[in-house]
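Some structures to go through are shown next.
Shared between the two complexes below is chain A, which has chain B as its partner in the first and chain C in the second.
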Partner chain A sequence: MTGPVVDLFTWINSRTGLNFSVFTDTYDGERFITGLITTVELSVLSMVLSVLLGLAGLWMLGAGGFWRALARGYVQLFRNTPPLVQLSFFYFALGGVLPTLTDSRGAQVPAVSGFGWAVLSFSLFAGAFNVEIFRSGVEAVPSAMIEAADSLGYTRLQLYRHVLVPLGLRICLPSLTNNMVNLVKTTTLAYAIGVPELLYAAAQIWSEVMNVREMMDLLLVVYIVLVALLVWLMERWERALRVPGYTP
Partner chain B sequence: MTARPLAVLLPPRPEPTAPRLLAQTWLLAALVLALCAGTAWAQAVAQQTGRPGALAIMLRWAPLITSGFLLNVMVSVLAMALGTLLGLPLGLSLIARTRPLRLLGWGMTQFFRNVPWLVLLFYIMFLLPFELHLGGLVLPVPAWFKAVIGLALPVSANVAEIVRGGMQSIPEPQWSAADSLAFTRWQTISRIILPQALRRMLPPWMNLYAILTMATTLISVIGIQDGLTLTRAAIAAESRPELMVPMYIFLLLLFFAYCYPIARLTLALERRVQVRI
Partner chain C sequence: MAHELGSPVVVVRDVEKRFGNYTVLREVSLTVRRGETVCIIGPSGSGKSTLLRCINGLVPISSGSITVGGREVADAKLDVRALRRDVGIVFQQYNLFPHRTALDNVMMAPVIVLHQNPAEVRARAEALLAKVGLADKMASYPGELSGGQQQRVAIARSLAMNPKVMLFDEVTAALDPETKKEVLITIQALAAEGMTCILVTHEMGFARRVADHVYFTDGGVIVEHGTPEAIFSAPTQARTRDFLDKIL
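Let's turn to the complex of A and B:
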């Protein structure tokens, strides 16, 4: 591994003793990058699923009766219990109960991998918040809009698709951004079930190379950059979605 | 002919909603049912294999798990207290008139809000020494104390945002009126703005507390014997996979029983504050 970056960090190491092995050692670098990719995959998958869950919950809240109670129960249950315990419950308890599958080489593998449980658990956790966020957005849509749609003979699906969701989404986008940032931060919990995401990779490196301080600093910077990137994207989206001249 | 109001002039009727109690009773029932079902299933497995009943084992471990949960509660209370103490001046710095102070406050708030709690917790765990030397005195720094500090930092940043939001929600004329009565800036903040803002800050503050309580399970990852660690220990000690589901549900139930009332209270307070504005 050569190049200006390697030279820079080798120089830093020789002058200050700070060992950023991620930039100077190929193996550590690859592990770190793999961890970063896993974190991004975990975040993006959970984001998409949680938004879908949020929309489904919104639909159920509007349906009334049993569905409404189910959606409410889901929201309250997942909002008021620790995400780490949820993850442990899914991975250890449910994962332990599920039957194992046999892979092509005849080895016993769990039906759902740690990564899979992490995506499921984070989606359910963030999805519960999304239901509330979407609900608040939809409630802020002026009732005249709904009445207008009603009088035009819109079905409920059409009402949601063409009126409530487009307008409500614009209103609740800042809250959604907040929740998505939270979700990215929550992905560190996957460390606890051994999913090789960023924190896990970093912990592996610092326990071998003994550069805890440097890896910690790097981790903080990487997460700040990840979150800043997400916020930047969401704000761009918010601007792109803005309806000129319309204030709800 | 009796006078009847025209149908058109009737006040709009609110959409009928299900009784408020329904959802939560239903939910609690479902949880308890799940716990019972899990225990019953484990009991059935136990009977087949002729080992002691699951119910007896659950009862045996419940006090230990609950004591671990109480540690979570204690850490959450301490971290909240420390975080609020740090967050109040931080929040005030966000509306400071001197630019460097404002920038410093903004940077700190953004940093601590946007970094994962677990990473911060690891950082504090490794960074702080395990004992302090004060002159000839050696003070041990217990792990739970470090955890309190590690959790208090992100809490303080969130409290700072709550303080800023609360103070900015007070209408501008309040500031002008205080100015015209020759209050100093500090007097305006401490005697006029903060007392009014405190009421509005309470609901989000309580919300933050509930979030913090749930985040305290993170301390199990860094090796503190909290509710989650003890639940795992109990499961490991019994080495009975069928006990996992009821054990975890028991822990979930503990947290739910603690956090859900807080969430309800927050909602009720929010409504009250809203009406008064």
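Let's turn to the complex of A and C:
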């Protein structure tokens, strides 16, 4: 590894003893980048799935009967238990009873990878909050909007798709942003089941290089940047949805 | 306004409507023929809005019968959405969808509910908005329009569904005298073109000018009905006289 960044951190190391091996050592650098990519993948997949789960839950709440009870049970279960317990349950309890598959080289691999369980677990966790967030948004839409759509012959799906969700989303977008920020932070729990995301990669590096302090600094900065990026995107979306003369 | 009397479009027979133990409509009967303009007047709380909502199926009746275009509204087998496409309703508070432009508001239901060709709907919607005097406001959002303009968009939105009958529920009550006039002119033009209209209104001068038939309701019953001339100049019932004395 060569270049100005390497030179800078080599110089810092020689002057202060601080060892940012991620920038000076190719292997550590690659592990860290892999961790970063895994964290981003975990976050994006879980965000998308959790929003879909939130919408599905919203729809089920409005459907009444069995579906409503199911959505309520789901929200209670996943909102009121710790996400680390949920993840452990999926990985150790459910993952343990699933059959293993044979891969192309004849090795036994679990049917669902740690990464897969993490995505599922985080989606369900954040999805439960999204159900509540979307519900609060849709409930804040004036009932006159529903009456107007009803009197024009909209079906329930058309009502949700073209009126309630677009209007409710504008109302609940700040809460959704909060939940998505939480979700990104929650992905560090995947460390506990050995998914090589950022925290896991950092821990591997510091246990070999003995640079705990430097890796911690770096982790904080990377998460601050990741979350800032997410918040910036969400705020852009909020602005894009803004309508002249209408304050949700 | 003299029309050749057409076939009955809306027939209300002995309708009773209760909310719990509270009877809002009692033995209400009325017939509206094709091309006819009927005005319903009466004090606040007399059940006028409830009657209109019963006619398009937004509120179920307790007993009696309502037919629109020969179809029984209370029939459990009736496709209530098909009924609502035949019955346009305009509310006091416009109830436009605030996140869509005036043109979109008019186009949405024909495209979404009736699955009509968007290009054809667009041409018709533009023509309708021009007709209600809003050719220059098509791209405006409801929040950028005055109350009177929003109300005219709402009328165009209902007309875009090609209803058999239009219901107007105190559509000028929230407007100042100036914008009121624009809306009343729009409705008068519609009536003159032969649209079947049922108007709940506190505009006695307007009712007198456009109505073919006037119903006076009080306490959930039709106290008296007849030509505008008869109701306004020679009411036979004391309650009608009291009401008109107070309001005129």
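Heads up, the rule we're going with is that the second predicted complex is superposed on the first by the 247 of 248 C-alpha atoms of A that agree within 3 Å, B and C clash if a C-alpha of one lies under 4 Å from a C-alpha of the other, contacts with A are read in each partner's own complex, and residues count from 1 in each chain.
Operating definition for what follows: a contact is a pair of C-beta atoms (placed from the backbone, for glycine too) under 8 Å apart; a residue touches a chain by one contact, two chains touch by 3 or more.
Source: prediction; values computed, not measured.
Once the two complexes are laid over each other on the shared chain, residue contacts for A:101 go to neither chain B nor chain C. Look at A:85: by the touch rule set out above, it reaches chain B but stays clear of chain C. Of the two partner chains, chain C is the only one touched by A:166; chain B is not. Within the superposed three-chain model, A:245 lies in touch with chain C and out of touch with chain B [touch as defined at top]. In the overlay built on the shared chain, the residue A:8 is in contact with neither chain B nor chain C. If you count the residues of chain A touched by chain B and by chain C, you find the higher number for B.
Of the two partner chains placed by superposition, only chain C is touched by A:150; chain B is not.
Those residues of chain A lying in contact with chain B across their complex are 64-65, 68-69, 72-73, 76-77, 79-86, 88-89, 92-94, 96-97, 181, 184-189, 191-192, 199, 203, 212-213, 216, 219-220, 223-224, 227-228.
The residues of chain C lying in touch with chain A in their complex are 56, 58, 81-82, 84-85, 87-89, 91, 93, 95-99, 108-109, 112-114, 140-145, 157-158, 161. By the touch criterion given at the top, residues 144-145, 147-148, 150-155, 158, 162-163, 166-167, 170, 241, 243-246 of chain A touch chain C in their complex. Interface residues of chain B, counted against chain A in their complex, comprise 18, 22-24, 26-27, 30-31, 111, 114-120, 122-123, 126-127, 210, 213-218, 220-221, 228, 231-232, 235, 241-242, 244-245, 247-249, 251-252, 255-256, 259-260, 263.
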